[in-house]
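In what follows, a single structure is set out as structure tokens and then discussed.
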Amino acid sequence: MLSVAILLPIIGAVVLAALPKGREEILKAWALLVTLATAGVGVYLLVAFDYAKSGQLQFTVNTEWIPVINSRYHIGIDGISLPMLILSMVITVLCVIYSWDHFPEPHNPKAFLILMLLLETGMNGTFAAEDLILFFVFFELVLLPMYFMIGVWGGPNRQYAAIKFFLYTLFGSALMILAFLALYFKGGETFDIPLLIAQGGTIGHSTQVLIFAGLFMGFAIKVPMFPFHTWLPDAHTEAPTVGSVILAAVLLKLGTYGFIRIAIPILPDAAMTWAPWIGLLAVIGIIYGALGCLAQKDMKRLIAFSSVAHMGFVMLGIATLTSFGINAAVFGMVAHGLITGMLFFIAGSVQERFNTREISRLGGLLLQAPRLGWVLGFCVFASLGLPGLAGFWGEFPAILASYQPAQGLQLWVFRTYMVVASIGTVFAAGYLLWMLQRVAFGTAKTEFEKSHIHDIHIPEYIAWTPLLLGIVALGIFPSLLFHVTDKAVTVVTSGVTQLASAR
Amino acid sequence: MLENAWLIPLIPAISFVVILAFGKRLPAKGAEVGIGAIGVSFVLAMVAVVQWVGRDEPREAVERHLTWWKVGGVDIGAGIHVDGLTVMMLVVVTFISLLVQVYSTGYMEGDRRYTYFFAALSLFTASMLMLVVADNTLQLLVGWELVGVCSFMLIGHWWEEEANSSAAIKAFLTTRTGDVGLMLGVITLFFAAGQNFDIANLNRMAINGDISHGLLLTGAALLFLGVMGKSAQFPLHVWLPDAMAGPTPVSALIHAATMVVAGVYLVARIYGVFWSGFSIGDGGINLIAIIGGITVIIAAALAFVQDDIKKVLAYSTISQLGYMVMALGVGAWTAGVFHLFTHAFFKALLFLGSGSLIHAVHSNNMSEMGGMRKKMPTTFWTFMVGSMALAGIPPLAGFWSKDEIINGASHGFELFMVVGLLGAFMTAAYMTRAVYLVFFGEYRGHAHPHESPPAMAWPLKILGVLSVVGGLVGTAIVGDTWRFAHWMRFDVPGAKEIVEEHAFNLPVATLSVAVGLIGIGIAAGYYLRNMFPRGAAEKSGLVRLGYKVLVNKYYLDNLYIDGIVRTIQYPIAKAAYWINQNVIDGVVNGVGIGTRKTAQVVYDVVDQKVIDGAVNGAGFTAEEGGIVLRQTQTGRVQTYAAVLFGASALIAVGLVLFT
Amino acid sequence: MVPENIAFGLMAAAMVGAGFRLVTTKNVVRAALYLAVVLGGVAGIFVLLGSEFVAWVQVLVYIGAIVVLLLFGVMLTRAPIGKEGDLDNDQRWTAALVALFVLGALASVLADAWGTQKIKFQGVQRTAAVSDSIFGTYVVPFEVASVLLLAALVGAVALARRD
Amino acid sequence: MLAAAAAATSFKAPSLDYHALAPEIVLTATLLLVLVADLFASEDQKWLVANLAGFGLLATMVPIVTLALSGGSHVRSMIGGSYVVDDFSLVLKGLFIVVGYVVCLMAHRYVEEGDYYEGEFYFLLLCSILGMVVMASARDLITIFVALETLSIPGYILAGWRKRDLKSNEASLKYYLLGVMASAVMLYGMSLIFGFTGSTLLTDIGTAINAPGPNGGHQAVVTVGILFIIVGFAFKVSAVPFHAWAPDTYEGAPTPVTAFLSVASKTGGFVALFELVYVGFFGRSDVWGPLFGILAVLSMTVGNLIALRQTNIVRMLAYSSIAQAGFILIPFAVAGTSPRAAQSALTASIVYLLVYAAMNLGAFSVVIAVARKTRSGEISSYGGLFEYAPGLAVLMTIFMFSLAGIPPLAGAWAKIFVFRAVLDAGTGWAVALGVVAAVNSVIGLFYYSSVARQMWMTPVPDGDRTPVAVPAPLVAALGITVSVVLAIGVYPQAFARLGELASG
Amino acid sequence: MYLNQFLMLAAVLFAMGVYGVLARKNGVLVLMSIELMLNAVNINLVAFGAFNNTVAGQTFALFVIAIAAAEVGVGLAIILLIFRNRASVDIDEIDAMRG
């Protein structure tokens, strides 16, 4: 069943490629159908998932794939993968709906939708993969479609942004695959993640540290962590709305997911060694991203930089190596997916209405398109971590966790991080409200006074409502997510805790 | 009702959703929903009070909670903790909110975002109530942030003007800066209490010394940072005056009666931590008291030099909050809470009064008012009552609570008693000034003032009454069971009693009243008398001659006034105000601007040049390398051949040597 | 053993001299003749080493065919007879350097490997032996080589033929 | 004397296994047939020649398959082991034949429409392929030498096949001169090795070289001999610094020939290297280990860096093929550390060769197809290809990113196998080599993606949007190559198994 | 006779050949120089054959001779082709493709 969730989109893409180019309605309908079907599978998974055993892999498939290098087609989901999987499914559907009647230029729905479906396969696969090589393949599979999405349908500077995004990520994954192979040889000649988790601890410390470095490069660039983040603003700014939404909502999560799923459980020892540095980069990212935001003139770019800050919180949570921290991280991933995804949607809609995202030229959105304005306001508050909305549960527990990181980590170091991170929340409020004020408050600038601004229209409503509901629901009932992830996280941290108890 | 106190916040929450959804389509644009809901909540709150007071001794706090979420075996609960403090707050919040909403139907009439306004009020009330009933610090934090947002929305209600939205942002950011402290404090105490947010448990452990003093001190200090932000304590008070940009009812509800006292409430609620953290029990001075004391004086001084009536009230609010904080700082828990209680009434009254004035003259500036006595009698009388209550004239509400504070300070905190008295003096003085400038003399504005509509008048009257009698709850008059101090106690099950009561102390009382009266006297004398020579100056030279002596007399008078009062009031106050605007406020704004600037630099230099540059540089060098290497491809076959043979021979030699 | 050494000495001297002129002369035709001298010398060396068959093949194929071929080439490319401008390009010194470097490397290695070992002379190797090895051990390469020669022929014709 | 006489009289013909030689025989028959047919075919019947060549190649596959099926494990060795047919040689012979067939498909219209000699063209092509097929089985120096020349000389000629085109002449000349010089160097090396070991048989050479002691195989002369031989083939596989001919020749030669040279003859060179290194010189890994390391790093880096600056697609592909050669050389560098490492190294190289053949041929097919319309080799002429020829654009994209090594395309697996070999060796140098390779694979992406960028993201240079007419044979070539690339991408096991068989 | 006297002679010839191919610009002369190198190799092979007392050396030499002939043929063809197209055999002028 899980395989269906992975393969359905790509099959759909192939069929789509066969459909006539001219008949746009059919193309869109088909794409929507496929994504919905996939989401349907997702719903089935949600229902059939045994939450009592959310710590173990479920819906596992484990068949021979490449015996030569002893790599198997091994997939399965646990409490951590499930939410991410659902997230990517939902986002894709919404993106198809959103782009329903305004495809970016050059107008070529067929290619665009095919890419979107390919992307979904890649994302779903990554979240389900339980074999390093398989993971790698899916991890990379998302590169090409996103490259073309940015490069073909992007903004004026798209080619630069696209190739930059591509090169960065590829550089990371080149080192990552080396690390994977090192794991293969050091970890008992297998790429199977569960097996490696079982045996990973046996690898010598220095070796672990080296391998972890490789993995780190791979994942950190994807996250992206300071100082590997510079591809992100360009990619986001240039990408078409849907592209940035998927990029922000799901693709960035691949990196953090990699940390949680692979790096930490397999190499707990190295994780202990690296955690302080990861934490450092994380908090730098938090402050740095905030400063970056304050310096922006472009709405979308600002949101992009805010992602750097938010992922900083996620990484901080991970760096604590505690159950609290990593739960927070997973929550943060989902929350950021929903919220920042929303923000990019809005930025796109604003762009579409005003043909500019330049904050200084905008203003009085609340007067011209009240609903859009209020939604923006809502998302801003969600994004700055307002309690009662999803964002808070990503930030607060992360900060909480860094008060008392995993045993064996320097207390004072992480408490310093805690303080810095919490100051970061103020910055977050700063730049987001500043943006809100410039964009939504005040009155329209003269150049747009006359122009009629269409308020939210139907596809936008359909595409956004689920996200907004999700933000509120998760904000009020965080346990919706926590009770899924918790057990799985304890599995992740088990290695670290064993180390701690061994000390 | 005590068990189901969670209903009280829930109802306004629902009304918020309802108004948001259907408000615009309703006949009264959603106002009725809001008022109805809050009315119900108010009734329930009253029931709760009665039930609480009716409980037999010793009154055990009612606790109920359920698991909210659960991580790594730690389960975080959500629940309610109802005791005297809670019910008192419930009543105050619901009641003031009710009146304010009623008042707003008049005040906000025809506003373009009338419905949103009521929705926001409902949301605010809900969050505030939730904060009040919270039984754990996390939940409290949630409510705390939510009220902050509501205040943001309401301050910026008229966001068409940038000034307003900026004020809103300033308010939000300043408080949030404090909240960093709060959040960290909550976290510290969470771990200190063994991964537990529960407040009662926290108090118990704190008092019984189950938590190391160091941790407690840290936690308390951090929490207090949050308090300073929310309750506008020096030096984080700067946002409150700007917050006056919001509609006046909002100022009355949020920035006078309820939200700003959240800080005080927090201290009172988690008093155990502060008490042992700052070892208040040992007497002497401590952070809370100091900050409170400073705030009292500074704010009061600032209130002198304001022209904007709401600003006067704002500073007065700050100073009064200072009183409360100081009270808690000197261990006078009951007194502090009591002052919170009474202050809610008369300050709300004053704000609503000023609101009705502004409504009438379409200006905040007292320089454009004057002579309102005749034009707006209701407003005048109620305002007078409010001012006198604030000035602490017996037997009005303010007197009892303020006296209790000063009285409390007199036991081991004499310094702060002095502060309290000085504060009382200044309070009386600046209120008199305000009252004079507004209600006496000639009308200096251009509008045509008229009495406000009943929707606005009635709340004033009600509050007026309460400002008169509200304080009596603190006395034996109401009977022992109903006496405030009787059902309003800070007692933690399983921990020793830490708050001791102080009997009513006549000398202190008289003293405080005295300074109050002196304050009024001087101010009144200064403002009222000063008129005559000016008036006389208009007359002919003859008269001027005849007046010589009188004038001379008043030379003295003026001399005295100028010599003393001015030197006391103006320069100091002016200086204080200057410092306030340019130093403290400047710092706050400066921080904002500075951050933006650094951000710009960081972005332009570090991000775009250094980091991005490094990467692009790598690419560039690669390209350069390509260009250079291309030169080797000369296109001449014999060069290639030379390379072929040369390389072969070279490598040969190399290999031979190194193998 | 003296005569061989004398013979070798003479031939070697002639070959080196001719070879040197070959790569330095200013006249293409002369160069071809010098080449013939060198090749003849090589044939002589073969005889010295008791490989008569190879020696004869050398004479026939090289001097008989290749040198003639090259001369035709010279003619066809109309290189004027008698002195003419320089036939060298501008990297003469590089070339000399490389050549000497190669020579040095080879010489030292050879000296190191075979120092003063002598060739124990087992008498003339009969042509039969050679043919045996060609048609026995090396029959496959021989067949392939025939195809190769055919290919070279066809190709050369295809390229050179005027059309 | 008597001994010699006895030897003379007692000649017995060597026992030849004709089944094992069947592929060579069929091929030879075919090429002779082609030559004859060309003589008798009139101008309008020349197309027959091409088909003849094609069928001949397919026919050659038959004995290869039968040999593979007839107990693939058991090795057929002839003439004292100087000519061996085993899984290794069969896999590579198969590769050569298929590549040859695809090249025929690519060349079909090209030669026809360019009115170049057809018969001779295919004849020479087949000769070259024969050389390769022989190379795959050759296990002694002479056979290797002859095979090398057989696969090279037709190449020299074909490179100049566009006779009236100066560039083509130049290509031919450069290729020829450098080729001959390289083989001279190689021959000198062979003579040294022969002199030292007294045998031309690789197995004997292996034992002789492994011999310890003062006169053992560690001597300088052996080192130089090995080096010179390797140089000869390093030239063939265009490894830096012996690569210089490749870009000029590739650019000048007719595109199908370029494809042939860049895939087939390069592979031929590698096959020779496999035999020499793994059979003959294995004992002296201290010589060739570092040597290949240097060659690999230089090839990857220099190839990539210069490729960054290219504007002509063929030239860019030339440099890319240099860089790719670098990747294929990496496993050699680490093969010496242990038998196990040698094993996985050989697998890696062979897998890479198989994959490389597919994707490079594909790329060249697209180049030919596009050139039919644009008549230009400039990368800029690919602008907006996606608009008027989406099919070709997508194919080219696939090939480019496969060359760049982006999963899930075949190229990624090739690289993964190389990395695997490197890390299997596990030495510090090996890992360093791996990192260099990783970085280079990123640089490579730069220019590969720039082609994709042209096709997808830039407008058509001359607004001419008429679709490209792709002749059937070319479509077939594209079909074969792309299906291979995708198939490996999804299910690498198939080819990995081949590689393992061959190296087993 | 010492083995090395032959080898050294061969080495010298080889080096001369190297010089020739590098320094001569007339195509035909380059071909001649190449022949020089090949002959050096042949001397080596035959000498080693005698030294190791095996006939393989001669055989090898024969193969080299045969194939050398083929190469010269092809080479001359190419040079003729070029001469026909550009009326010159100066190969250092042939650098249309570079970089």
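Order of writing sets the labels: A, B, C, D and E. Residues in every chain begin at 1.
The rule is simple: contacts are C-beta pairs under 8 Å (C-beta built on N, C-alpha and C of every residue); 3 or more make two chains touch, one makes a residue touch a chain.
Quantities reported herein were computed from a predicted structural model and do not represent experimental measurements.
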Which contact partners do chain B and chain E have in common? C, D
Just to be sure I understand: going only through chains that touch, what's the smallest number of steps from chain A to chain E? 2
Find me the chain with the mean Cα position closest to the mean of all the protein Cα atoms on display. A
Any chance you could check whether A-D or A-B wins on number of contacting C-beta pairs? A-B
Give the label of the chain whose average Cα location is farthest from that of chain C. B
Whole-Å gap separating chain B and chain C, where each centre is the average of the chain's CA atoms: 104
Chain centre separation (chain C, chain E; CA means) in Å: 7
Measuring from the mean C-alpha position of chain A to the mean C-alpha position of chain C, what distance in angstrom results? 71
Taking each chain's centre as the mean of its CA atoms, how far is chain B from chain D in angstrom? 80
Junction residues of chain A, two or more chains touched: 167
Within chain B, the set of residues that touch 2 or more other chains is 619, 630, 633, 635, 637-639, 641-642, 645, 648, 652, 656
Where does chain E touch two or more other chains at once, residue-wise? 7, 14, 17-18, 21-23, 25, 27, 47, 51, 56-57, 59, 63, 67, 70-71, 74, 77-79, 81, 91-92, 94-99
Okay, what are all the chain pairs that touch? A-B, A-D, B-C, B-D, B-E, C-D, C-E, D-E
In the complex formed with chain B, which residues of chain A make contact? 164, 167-168, 227, 229-230, 288, 290-296, 322-324, 327, 364, 366-367, 381, 386-388, 392, 396-397, 399-400, 403-404, 418-419, 422-423, 425-427, 429-430, 433-434, 437, 440-443, 477-479, 482-483, 486, 489-490
Interfacial residue positions of chain C with respect to chain B in the complex: 89, 91, 94-95, 98-99, 101-102, 105, 109
Provide the residue numbers of chain D that touch chain B in the complex, in ascending order. 173-174, 177-178, 181-182, 185, 218, 220, 223-224, 227-228, 231, 235, 241-242, 244-245, 247-248, 286-287, 290-291, 294, 302, 305-309, 443, 446
Contact residues on chain D for chain E in the complex? 141-142, 145-146, 149, 153, 156-157, 160, 163-164, 166-167, 169-174, 176-177, 180-181, 184, 187-188, 190-192, 194-195, 198-200, 247-248, 251-252, 309
Which of the residues in chain D come into contact with chain A in the complex? 347, 390, 401, 406-408, 412, 415-417, 419-420, 423-424, 426, 431, 434-435, 438-439, 441-442, 445-446, 449-450, 453, 456-457, 491-493, 496-497, 499-500
